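Note that the chains are named A, B, C and D in the order they appear, and that numbering of residues resets to 1 at the start of each chain.
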Amino acid sequence: MDAGLIGIGQMGSGIAMNLLLKGHRLTIYNRTPERTESFRGLGAQIASSVADACRSGVVLTMLSDDTALESVVYGENGLLASLPSSGLHISLSTISVALSDRLTADHAKAGQQFVAAPVFGRPEAAASGSLLVVAAGPSDAMERAKPLFSAMGPRLAVFGERPSLANVVKLSGNFLLSSVLESLAEAMAFARKQGIDTQALYELLTATLFSAPVYKMYGGLIVTGKYEPAGFATKLGLKDVRLVLQAAEAAAVPMPVASAVHDRLLTAVARGNAEKDWSVLGRIADEAAGLPPIR
Amino acid sequence: MDAGLIGIGQMGSGIAMNLLLKGHRLTIYNRTPERTESFRGLGAQIASSVADACRSGVVLTMLSDDTALESVVYGENGLLASLPSSGLHISLSTISVALSDRLTADHAKAGQQFVAAPVFGRPEAAASGSLLVVAAGPSDAMERAKPLFSAMGPRLAVFGERPSLANVVKLSGNFLLSSVLESLAEAMAFARKQGIDTQALYELLTATLFSAPVYKMYGGLIVTGKYEPAGFATKLGLKDVRLVLQAAEAAAVPMPVASAVHDRLLTAVARGNAEKDWSVLGRIADEAAGLPPIR
Amino acid sequence: MDAGLIGIGQMGSGIAMNLLLKGHRLTIYNRTPERTESFRGLGAQIASSVADACRSGVVLTMLSDDTALESVVYGENGLLASLPSSGLHISLSTISVALSDRLTADHAKAGQQFVAAPVFGRPEAAASGSLLVVAAGPSDAMERAKPLFSAMGPRLAVFGERPSLANVVKLSGNFLLSSVLESLAEAMAFARKQGIDTQALYELLTATLFSAPVYKMYGGLIVTGKYEPAGFATKLGLKDVRLVLQAAEAAAVPMPVASAVHDRLLTAVARGNAEKDWSVLGRIADEAAGLPPIR
Amino acid sequence: MDAGLIGIGQMGSGIAMNLLLKGHRLTIYNRTPERTESFRGLGAQIASSVADACRSGVVLTMLSDDTALESVVYGENGLLASLPSSGLHISLSTISVALSDRLTADHAKAGQQFVAAPVFGRPEAAASGSLLVVAAGPSDAMERAKPLFSAMGPRLAVFGERPSLANVVKLSGNFLLSSVLESLAEAMAFARKQGIDTQALYELLTATLFSAPVYKMYGGLIVTGKYEPAGFATKLGLKDVRLVLQAAEAAAVPMPVASAVHDRLLTAVARGNAEKDWSVLGRIADEAAGLPPIR
């Protein structure tokens, strides 16, 4: 189908590539136009403005945070002003529950449709169409978005009519990921300082009780101390846990483990690890325990 | 082989049954003798004292905590005094690193062997011989223990010559379990208060990123609010996290998530849930968020 | 001197009364006009709009939070648009460091002066001119504000030319207050549950090591369990600690005690205590310990 | 009066000096005898054994921790075996609630009296007789101890007949001290990183809201970064907070701020600051925030 896509970063690139390969006709836009050039060869139209990308009446956004999305949506030539009446905005970004609710209201006022559809998966999964899409929104809007969702990944999880519910689910998942990371970091520092072969411990744990992919991937990074290049940067992890805590405060839900993870991610950033993979929590745990870096 | 087994609680019963079925000749002892009677039919010898259970020169202990193990080992007619020289004590209990080190020293002084071999798995796994055995100790002692270990489970993980290393590994694993529980409890309270269908969230998470058995089992208990009967009692979970924090303090390893989990388990006990399953952390998270009990 | 004052809440009322009694000519404005009526008798001019209150070229604002201040400052007829060039805005509210920085920039762009001057003290101190004023801003603006500051309290603490530094100081102080509250709450629950006469403990502590007013006042409230009427509402305390944590995150300073206090304040709000005095942390500590309410 | 005093460390020396100067006839004992020699000139008898120091029937103990006190009390020639029937043991040490309860029981069995009387104050206060004594025990034993208590300080606070209540009070006070330290450390790191003159902030806070001695002393150390020589070593501070958390767990009282302080003290020890003053928490907060050491 015809659609715009705004935001051609790591994730957006993968999504664009996959959608184009599957025959969708995309008009793509990125604030810094260099990133879009290579997509001409794949058949993409290159939009010169946000408004341009809204023309087909369906537009996906995949931006890094609330601020980036707000700067695209609001303002004179923003998405909100440019999308035709009854147009559809599908927000794929990991954004705050509050912004999602605000977009819901503003699009409704403008006679437009809004669906929140954050995704789980890394850039490779985006490019290969194997993302997990978590979506919420009015059912007619959801129907309209389905051809795009089914191209993006084999599994779609729908959580109701209020778009921000999808953001709540995404934040719940990201919180759980962050808690796995910090827990592994603490467990490994604990074991390492007492003389345990942490590689063997890692293999034991992930072969049995903790056989989920997330333990395997992050446990491996922590045990080997390989925090570069970043699969997911610490500063982004900190942003996600901040969004969790903000939404939790708004809903009055105390989350002490989330607070502890937040403080450790913040320590990581303060000590110069903002751009490293967020599994660098392993190093932060080591430093707090007076251990030297691995290797 | 011939061996004694001291401690016929939930776990000890399962282990006894399994070892007897596999042809080992066990002499079993329990402080309250009623629990041992039913094992006569399976061919067990019933010891009338700790000393009696030590006669074969190899004795397994499976007690609930440090205090229980100490009361069996020390004293005039205790295990230490009764085990013949070059006898072997295999400690299966989840005990402190400090006690494990002390037993290592005391058995060495007495010319005896000591192996720590805590296990992962529930009573059913003990009875069916599918425990995960984590062991550490001198290699000759380990060789001697192997027929018992291979009867107890298909997988043996060995962590070196110092017995307490096995206890460190066990505590690391139990800490990770406890952090999964508390993280799930917080995530579900967070989602539930914002109107998410937590059963759907549970299915989504455990089908993908968090597909490990521990998420499935505990997530299910938390989502349905079924905390009785206890698979593992809150008071025992609190004991385990206390052992983690004690060992972490002795080794100078700060563990903020472990501290947070400890405080929540302690809250659970303080509010009357000591005997409920430790997944009752789900209810504690709900109560802190001002949510009514599930159902 | 001539000045406007916007925000006639509990604190603003006290400040207005005191400034009027000391001969300053105030034009006051409040969103809900009822609160301003009684000040006619004291010689105040009643402004019918924000613009009206800005006419003298010097305007004080005393609002409850960022949102309230933003709604007064921005917009077509807001303070920023209405204040004459080279006019002076003195912000007395406890607001975020981020908003203070934004106001600094926006007033500069408009050719206006901006001083941040948050205050320590309760409504009674405002009315009696005994507030502690913490201020920061360009020195000429500060000079201009001094007659008002010296009327407000005997003590002025100046922290440099960047206005938001005063907000940082205010937030530091409020964090310390909140940590005193939560620490007292934990200490008293700890002592009470073990059978200590907490009134005697309170007297002992505040007579010696902890003789500061803050321990006396809040310790007394916690020991007697008198959380109503609120001197300072829990929801406002939560707001302040949130501002601390936001500024700390922006500056990359992990504050684990602030996080712990935040979680407890949030628990208090979640369990129905938003309007009670924030010393209700005493009850939250009791509830977590399974203790009944005091009395 | 005649009394023994066991433990001539920093605190014990001061107490001995003061009691001797006030005319009490002391027989003093220390494990390493060198420390006692200088007291001959002040009129002390030097005991060559614990038993020797118990002869008068009244003995004070001032040891560093549970282990040290246990090694003096228990065993063949220990205090318990040596003190005559109806003798009185006054324990001045900061020890666990559990040990205090155990001593109560064991002395009762031996027909002896036991009073717990931990003190607040530094070595100088001990030497000048200006300690704050917190005591609990049977009233007749308390009567008997009073001449010693009134020599030790002008103020005696009595908390009932169960000796360990005095230990609970002491631990409550030490927890509050530790929380002041960590809160100040966090507040100063927060302010410092944002460019605040922390000396000015220190003066402001301690002149007004936080005018208690503890803020003045520790705030000064944190602001100047002077952590040596130690007035009170980090490792002792960690021990005290551990005792708090142990007693809190036994009583089922969750204390999240105590947990946070514990983790920071443990970080301090892990990073090589065990012998520095426990106000080194200031440096730990700076390090977590990526700040260089002060000066």
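In the analysis below, a residue touches a chain if its C-beta (ideal position, glycine included) is under 8 Å from a C-beta of that chain, and two chains touch if they have at least 3 such contacts.
Here the structure is a predicted model, which means the values were calculated and not measured.
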Please find the path from subunit B to subunit D through touching chains that uses the fewest steps, and give that number. 1
Same or different for subunit A and subunit B, when you check if over half of the residue numbers at their contact belong to both copies? same
As a test of understanding: of all chains, whose mean C-alpha position lies farthest from that of subunit B? C
Compute the distance, rounded to whole Å, between the mean C-alpha positions of subunit B and subunit C. 52
Between subunit C and subunit D, tell me the centre distance in angstrom, where each centre is the average of that chain's C-alpha atoms. 38
Provide the list of subunit A residues touching at least two other chains, using ranges where the numbers run on. 248, 252-256, 259-260, 263-264, 267, 270, 288-290
Listed in rising order, subunit A residues that touch subunit B in their complex are 97, 120, 132, 134, 155, 157, 159-160, 162, 165, 168-169, 171-173, 175-177, 179-180, 182-184, 186-191, 193-197, 200-201, 204-205, 207-215, 244, 247-248, 251-261, 263-264, 285, 288-290
Subunit B touches which residues of subunit C in the complex? 256, 267, 270-272, 287-290
Taking the complex as given, what residues does subunit A use to touch subunit C? 238, 242, 248-249, 252-256, 259-260, 262-264, 266-267, 269-270
